[in-house]
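Dropping the structures in below, format is structure tokens.
Heads up, the next two complexes both have subunit A, just with different partners, subunit B and then subunit C.
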Partner chain A sequence: MNVSLIWQSLPFLWTGFLMTLALAAVSIAGSTVLGLAVAALRTSRPPLLRGLGRAYVELFRGSPIPITLLFVYFGAALYLGYGVNLFVAAAVGLSVYHSAFIAEIIRSGIEAVPVGQHEAAQILGLKPTQSFRWVVLPQTVRIAVPPLVGQYISLIKDTSIASIIGLAEMMKVGQSIVDRTGDPVSIYLTVAVLYFIVCYPLSLWVTRTQRRAI
Partner chain B sequence: MTTATPNTTTIGRDIQLSGVSKRFGDVEVLKDVNLNVDDGEVVVLIGASGSGKSTLLRIMSGLETSTTGEVVVGGVPMHEPKRAPEIRGHVGMVFQQFNLFPHLDALGNVTLALRKVYKMTKAEADAKGMAVLARVGMDDRAHHQPSQLSGGQQQRVAIARALAVDPRIIFFDEATSALDPELVGEVTAVMRSLADDGMTMVVVTHEMGFARRTADRVLFMADGVIAEQGPPEELFGNPQHPRTVQFLSKIAEA
Partner chain C sequence: MFEYQWRTVLAYWPDYLHAAVLALQITVVGFLLAFVIASAAALARNSRSAILRFVATCYVEAIRNTPVLLQIFIVYFALPSFGIRLSAVTAGTIALGVNVGAYLTEVLRAGISSVGKGQLEAAQVLGLSSRTVLLNVVAPQALRNVYPALVNNLIQVLLGTSLLSAIAVPEITGVATVVNARTLLFVQVFGIAVALYLVLSYGLSAVAALVERLSFKSPASRRARKRTSAPSLTGASS
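On to the complex of A and B.
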């Protein structure tokens, strides 16, 4: 362990750390919005829309993230005719990939609300949209938030995969320092600690809410 | 009562069913059922499980549609898909599993429809809500979550929730079947007081004591038809149909 090397590297790692946080924040927002839309498809009536939602989920659940990222980055260059910004490509890839899992979390949250809740709301005169907003959604949120945060933790760690397309997030910055200094132990340990500092509080929070839910 | 009344519409309080059938796939659960319920009448449906009594109740309340036949509830033709939704908010239903909204406290359960459907202010809705909670003896638990209440208390809140919108008719679907035996009485007492106040009620129940004391008319259902009906003293005292005799003797043994 080379403490002075770690100390010297911290400013560089810090810029990578900020990039990681920005990528995670944008991707969490993107994947949640996309996930909600896909969950809406999955729980809708028309078989075609349900099928579309299903296909989306299966496609991205069944392919590795690196493929998704490479496909977005190079695919965009190839088919759109111009290169996409690295950050945008990484955010789109992560959002699309994680939205498949988020859609399933939200769908199961909606479906976990018993049919009797819908019936009670209907008899009281609530319209379907009112019933969703005031009866189903609050219960879905309670059910879905802990697994959702778990998914966000995965997403935060998966931002490190953006290093393969060359985005200078924390993992990539760490790699280049290791390439220059030849000390993987000190640097990767520091990088790991920085990821842990972000993820652990979220993880603690999930454990606490799940215990309270039981 | 000084509080506002949500339902000012002139919907009737009677029920007319003629030739009502219901199929689920190949299974015919109701066969050509005819039934009239008068304004203020208390009708109790009894019968073995699978006899069609809950389905009949769900058709009258609008949760199911009949396959054939005419269902007119309070003047609303429920068999016309376009017009059936008119019944919403005008009838109440009390479910076996209570179906209280778990994320809202007792008062929140009772006032949700008042605020979202009838657009009352919070103060108006709360006043009305407290009045109906008092009606079922639950005003002192207004700010308890459903999970903090006993089954009997939850069911009384569910009855208050049904009462809040000033329904013309209340349907009870095995309202006491999920309760511990010692909690049944507090719920049937509330139901009896509603009957005494002249509420039109259709009640599916296994509580023969309630049927005997409170019903104006008891209907015995078997295999999707009303096999026998009459005032409780006649149906229980001198049943005519062999299925009724068999059913009542089985219940007596239990």
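On to the complex of A and C.
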């Protein structure tokens, strides 16, 4: 371990760290909105829409995330020409990929609420939209939030894969420093610690709330 | 023109085929490694020794809270500093095994605690040795209860192989990147790659379902699967 090298690298790693956080924040928002839309498709009544939602989910659950990122990146490069914004490409790729998993979490949260709840609300005179908003949704949120945060942790870790299309987030910055200094041990372990600092508190929260829920 | 584009990319089929075979090999070896590590770590996490419990917990938390790509880089680029030089395929297989092993540790632990206490007490009353209890009473039931999650983790290893393109392993994503650089037909290039991943992951799931039907014949397996399949959707994802 080369402490002075780590010390000198920290300002550079910090810019990468901020980029990682920004990418994660935008992608979490994007994947949640998209995931809600796909979950709505999957729980809708027309078989065609349901099938479409299912196909979307199965496509991404059966393929790895680097393919999605590369596809978005090269697609954007071909149709938009030079000067593709790497941040946008990475955020779109991460959002699209993780939305499939988020849709499943939301769907199983909705389906975990017993039908009796909906029926009771109907008998009490609530309209379907009211019953969804005031009866089903609050229960869905309680069920779905811990696994949702678990998925966000995966997404934060997956921002590192944006390095393969060249975005200067923490992983890429770490790689560049290693290329220049030739000390993978110090730099990669520092990068690992930085990821750990972000993810571990979230993991602890997920374990704690899930244990309480059971 | 479209047909010509597909033909151009499909001309690379031997490369894609080699890539798929390599990905499958890495998946199988990586998963076996993960299973061995996870079995040891799950026992350590349930053991009476505080040191063993602490070491196993550190392993699980360190792996689960850092990116797998970083772990691959550490095994491939940082271990040589300690005199351990591995080929890209070996390093990648080890990294994926160590990574998925951490998730599998939690799965196996859940499986062990899913076995009823009465089973252990009955086994003890019958005078079985603790080794027999573990291998013949706990393990079969635990594995049956978490089987869907095991298959999930197997698929995770397969999808994880795509990251090995970053250390120049010629697996499916790596080959796709090379073919894309030569032809620039990214729709066809990555379309074929996605098709290969889907075929492999559904193929592995089908094989796993067959293995399940052949090895767990009791009706309990069907009930157990229903119980575990819904929450497992939210589970392992690298």
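One rule holds for everything that comes next: the second predicted complex is superposed on the first by the 209 of 214 C-alpha atoms of A that agree within 3 Å, B and C clash if a C-alpha of one lies under 4 Å from a C-alpha of the other, contacts with A are read in each partner's own complex, and residues count from 1 in each chain.
Definition applied: contacts are C-beta pairs under 8 Å (C-beta built on N, C-alpha and C of every residue); 3 or more make two chains touch, one makes a residue touch a chain.
Bear in mind that the values here come from a model prediction, so they are computed numbers and not experimental data.
A.B. asks: Once chain A of both complexes is superposed, is A:158 in touch with subunit B (first), subunit C (second), both, or neither?
C.D. replies: A:158: touches subunit C, not subunit B.
A.B. asks: Once chain A of both complexes is superposed, is A:64 in touch with subunit B (first), subunit C (second), both, or neither?
C.D. replies: A:64 sits against subunit C, while subunit B stays out of touch.
A.B. asks: Examine A:119 and indicate which partner it touches, taking first as subunit B and second as subunit C; both and neither are also allowed.
C.D. replies: Only subunit B; A:119 stays clear of subunit C.
A.B. asks: Check whether A:199 is in contact with subunit B, with subunit C, with both or with neither, and answer first, second, both or neither.
C.D. replies: second
A.B. asks: Counting touched residues of subunit A, say whether subunit B or subunit C comes out ahead.
C.D. replies: C
A.B. asks: Quick one: which bits of subunit B touch subunit A in the complex? Just the residue numbers, please.
C.D. replies: 61-63, 88-93, 95, 97, 99-103, 112-113, 116-118, 161-162, 165
A.B. asks: Sort out for me which residues of subunit A touch subunit C in the complex.
C.D. replies: It is residues 58-59, 62-67, 70-71, 74-75, 78, 101, 104-105, 108, 112, 147, 150-151, 153-154, 157-161, 163-164, 171, 174-175, 178, 183-185, 188-189, 191-192, 195-196, 199-200, 203 of subunit A that touch subunit C.
A.B. asks: Can you check the complex and tell me which residues of subunit A touch subunit B?
C.D. replies: Those in contact with subunit B are residues 114, 116-117, 119-120, 122-126, 130, 134-135, 138-139, 142.
A.B. asks: With touch defined as at the start, can you tell me which subunit C residues reach subunit A in the complex?
C.D. replies: Contact set of subunit C toward subunit A: 61-62, 64-70, 73-74, 77-78, 81-82, 155, 159-163, 165-166, 173, 176-177, 180, 184, 186-187, 190, 193-194, 197-198, 201-202, 230-231, 233-234, 237-238.
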